[in-house]
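Take this structure first; my questions come after.
Chain IDs A, B and C follow the sequence of writing; residue 1 opens each chain.
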Amino acid sequence: MKLATLLLGLTLGLGPLLAAEQPLVLQTDFGTKDGAVAAMRGIAVGVSRQLAIYDLSHENTPFDIWEAAYRLKQAAPFWPEGTVFVSVVDPGVGTARKSVVLRTKSGHFFVGPDNGTWTLIADELGIAAVREIDEAKNRRVGSERSYTFHGRDVYAYVGARLAAGVITFDQVGPELPARVVALAYEKPRVERGVLVGTIPYLDFQYGNVWTNLDEAHFAKLAPVTGDRFRVTIAKAGRTVYTGEMPYARTFGDVAEGAPLLYLNSLMNVSLALNVGNFAQKHAIACGAEWSVRVEKLKP
Amino acid sequence: MKLATLLLGLTLGLGPLLAAEQPLVLQTDFGTKDGAVAAMRGIAVGVSRQLAIYDLSHENTPFDIWEAAYRLKQAAPFWPEGTVFVSVVDPGVGTARKSVVLRTKSGHFFVGPDNGTWTLIADELGIAAVREIDEAKNRRVGSERSYTFHGRDVYAYVGARLAAGVITFDQVGPELPARVVALAYEKPRVERGVLVGTIPYLDFQYGNVWTNLDEAHFAKLAPVTGDRFRVTIAKAGRTVYTGEMPYARTFGDVAEGAPLLYLNSLMNVSLALNVGNFAQKHAIACGAEWSVRVEKLKP
Amino acid sequence: MKLATLLLGLTLGLGPLLAAEQPLVLQTDFGTKDGAVAAMRGIAVGVSRQLAIYDLSHENTPFDIWEAAYRLKQAAPFWPEGTVFVSVVDPGVGTARKSVVLRTKSGHFFVGPDNGTWTLIADELGIAAVREIDEAKNRRVGSERSYTFHGRDVYAYVGARLAAGVITFDQVGPELPARVVALAYEKPRVERGVLVGTIPYLDFQYGNVWTNLDEAHFAKLAPVTGDRFRVTIAKAGRTVYTGEMPYARTFGDVAEGAPLLYLNSLMNVSLALNVGNFAQKHAIACGAEWSVRVEKLKP
């Protein structure tokens, strides 16, 4: 009896050391040239040395909230339930935008300023609850007079405490209505048999053009691999590119340098050159003013 | 009795596996384009697979010791006691500069060449002790004929052994006098009511200009949020910028594009444009030849 | 008896949590600007939260298989036995190139497309066995309709399962003949007392020129530190640089800005300027068309 207790105690004693803490993932627009991100990591390690800390990216275009929102959409759904994301792209640091933690229906947590960063992830993963960070309780000790580095003093600190289980979601601060600040963005649609959408993002490294035409909308054109499509890209209504290309399953299905239409890793219609840079060749960028039209050609 | 021994043995046996090793943080000027940093990480993992290895930055301007010193100042104080930093910005690799481990009064460790890299961290955290690395005992096995990559063969190896508890600080090598090679740098001062200092570093990502005017010196002007200041920046004595701006608590307190004077994350006087790039707009860089004067204006 | 069983069970129960999983190291040409690498990391963490995940580099020139091969050579041998490398530089994604896991005689594992990436590591570490990834069993659940991101859906997933011990090497898929696709590359040779080789890679950050003249070939010139050498570099047979320099043990042995010949961190003959950029100054790049001749001068 005493033995069992002892063993139980031993097991329980080891428990906290072995408990799998949640992963902590950091995204900022700080770049990696200086020590700002490392200061955030240091604060997180100070909360718990067992924490596993990862980077989403720190190369976000400074102040570009849309890009931050899109990158979360690109990466967060592939992380396990319970993962805590800290995202600091915060042109309004020190202004009235709220500091929050969003819990999605998928069980992920998002820590940072409520300035539009959660737009796409909220749509995709669903909002379960939103809490405002109570900085009186959840702020790095000794940081009271520091007003310009919430990423280090508030967000990394709160994210680490949440991931390490030092605080529960309820202890973040008071619950807010279950909504987040959302950037306006256009949804895809079909107009007389033509798919119409936008170019929310580029696959920068390769120059592939990513549209917001999702698999469900694309299916309305009853596409079959090998079908040919006419693609028109416009900036602020002015045509920048028009061309024809096949719907291919993968890049190698067309000749090197040839264009193709394919479904990207998010299962959205995308345009590429096989072993080439579509965006660069045709001077295409991304953002709200860029629109795309996709039309299936008769065989 | 035998049981207790068994349990004790079990617990002790697990102990080493569970013991929180110290974090290891790497800084170099190697860039991240090739495999050099990864080779260092591999050596460290070979010392202990339980080690938690982090990056400060590897984007240091090649050979720029001052930048390395400043980044340590920016990040190291935010890491917990016991953290081991390896810093390899080493234009004199293979020359007479000593390879050392610095233990600061704050309980942090700094491993690398004693070439000025420790200048600012020694001033800020205080020197507790300095030991020279005894390469006869503390050098990657098989690296005896390799003379040009101390970062991998000596510093990552020693840093990992220290962080993992394979060696104690005393086992690093013989104790040296408690001082480090220091780069000369100007301290801030007040001249007839005007604060005079230098621009040791830029917040590269946003173009904010960081001065060495600390909070204590700034306090001598009795600043109140909203007060206006005249700021003059000179390169080698020639004025590059002069302008007036308010002392703001945070960026959002001024209009977009407007200048502000604020205390940065290190509590030093800094200059910025709200959602803009001050350094780029006014062609300002950093270094010993850049000076700054800050004067409070009459209301 | 029951007690011993209990203790054994306890120990075994903890075993999996404590078992040192193998390190997982990622290399891609995705860049770090978007969320692609982070999606890979998320998949790996989903396989096992205890996994230690590291980066080799993600800054590989897009589609440059040779560069990926060289970086593996530069970093992998310095990692402990059992380390699992995932390398995704894959211009032929979705084509007939096989997806494999290479086990080297050194006990390292390499996961990715068999497209030449393994050329140098196979030569250096030796091929123990090659298995083709059976995607019917080893592919992220739910990724069946995703054809363009094998890095996330197949390679990161398989690499993580192998590193975490979820599958053994045998469970990767069917064994293939013990060979890999190899890029053609020239071996160093001696021609009438002159060493002749190529420039496979640059040390980009510093502009040092790395040749494929290894220590054994160099030894044929009976070099002694301080000896002088004539070095000629040609691109496609046309001389780009010719000059004389000493064989130095380390950079600091020559004046700042002066050239030297030294053995780099891979013990290959290399050319540098002390605190300078040799490649930039003399407009030298790397690749199959770049050749180098090294001749010992009479004293």
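Methods note: a residue touches a chain if its C-beta (ideal position, glycine included) is under 8 Å from a C-beta of that chain, and two chains touch if they have at least 3 such contacts.
All figures in this text were calculated on a predicted structure; none of them were measured in a lab.
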| item | value |
| --- | --- |
| Category of the chain touch graph - line, ring, star, complete, other | complete |
| Same or different contact residues where chain C meets its copy chain B, judged by the half mark | different |
| Approximate Å spacing (C-alpha centroids) for the pair chain B, chain C | 30 |
| Residues of chain B engaged with two or more neighbouring chains | 3, 7, 10, 14, 18, 32 |
| Sites on chain B touched by chain A in the complex | 3, 7, 10-11, 14, 18, 20, 23, 25, 32, 52, 54-59, 71-76, 78-80, 83, 201, 203-206, 249-253, 262-265, 267, 275 |
| List of chain C residues in touch with chain A within their complex | 3, 6-7, 10, 14, 17-18, 29-39, 41-43, 45-46, 49-50, 53, 62-63, 91-96, 145-149, 152 |
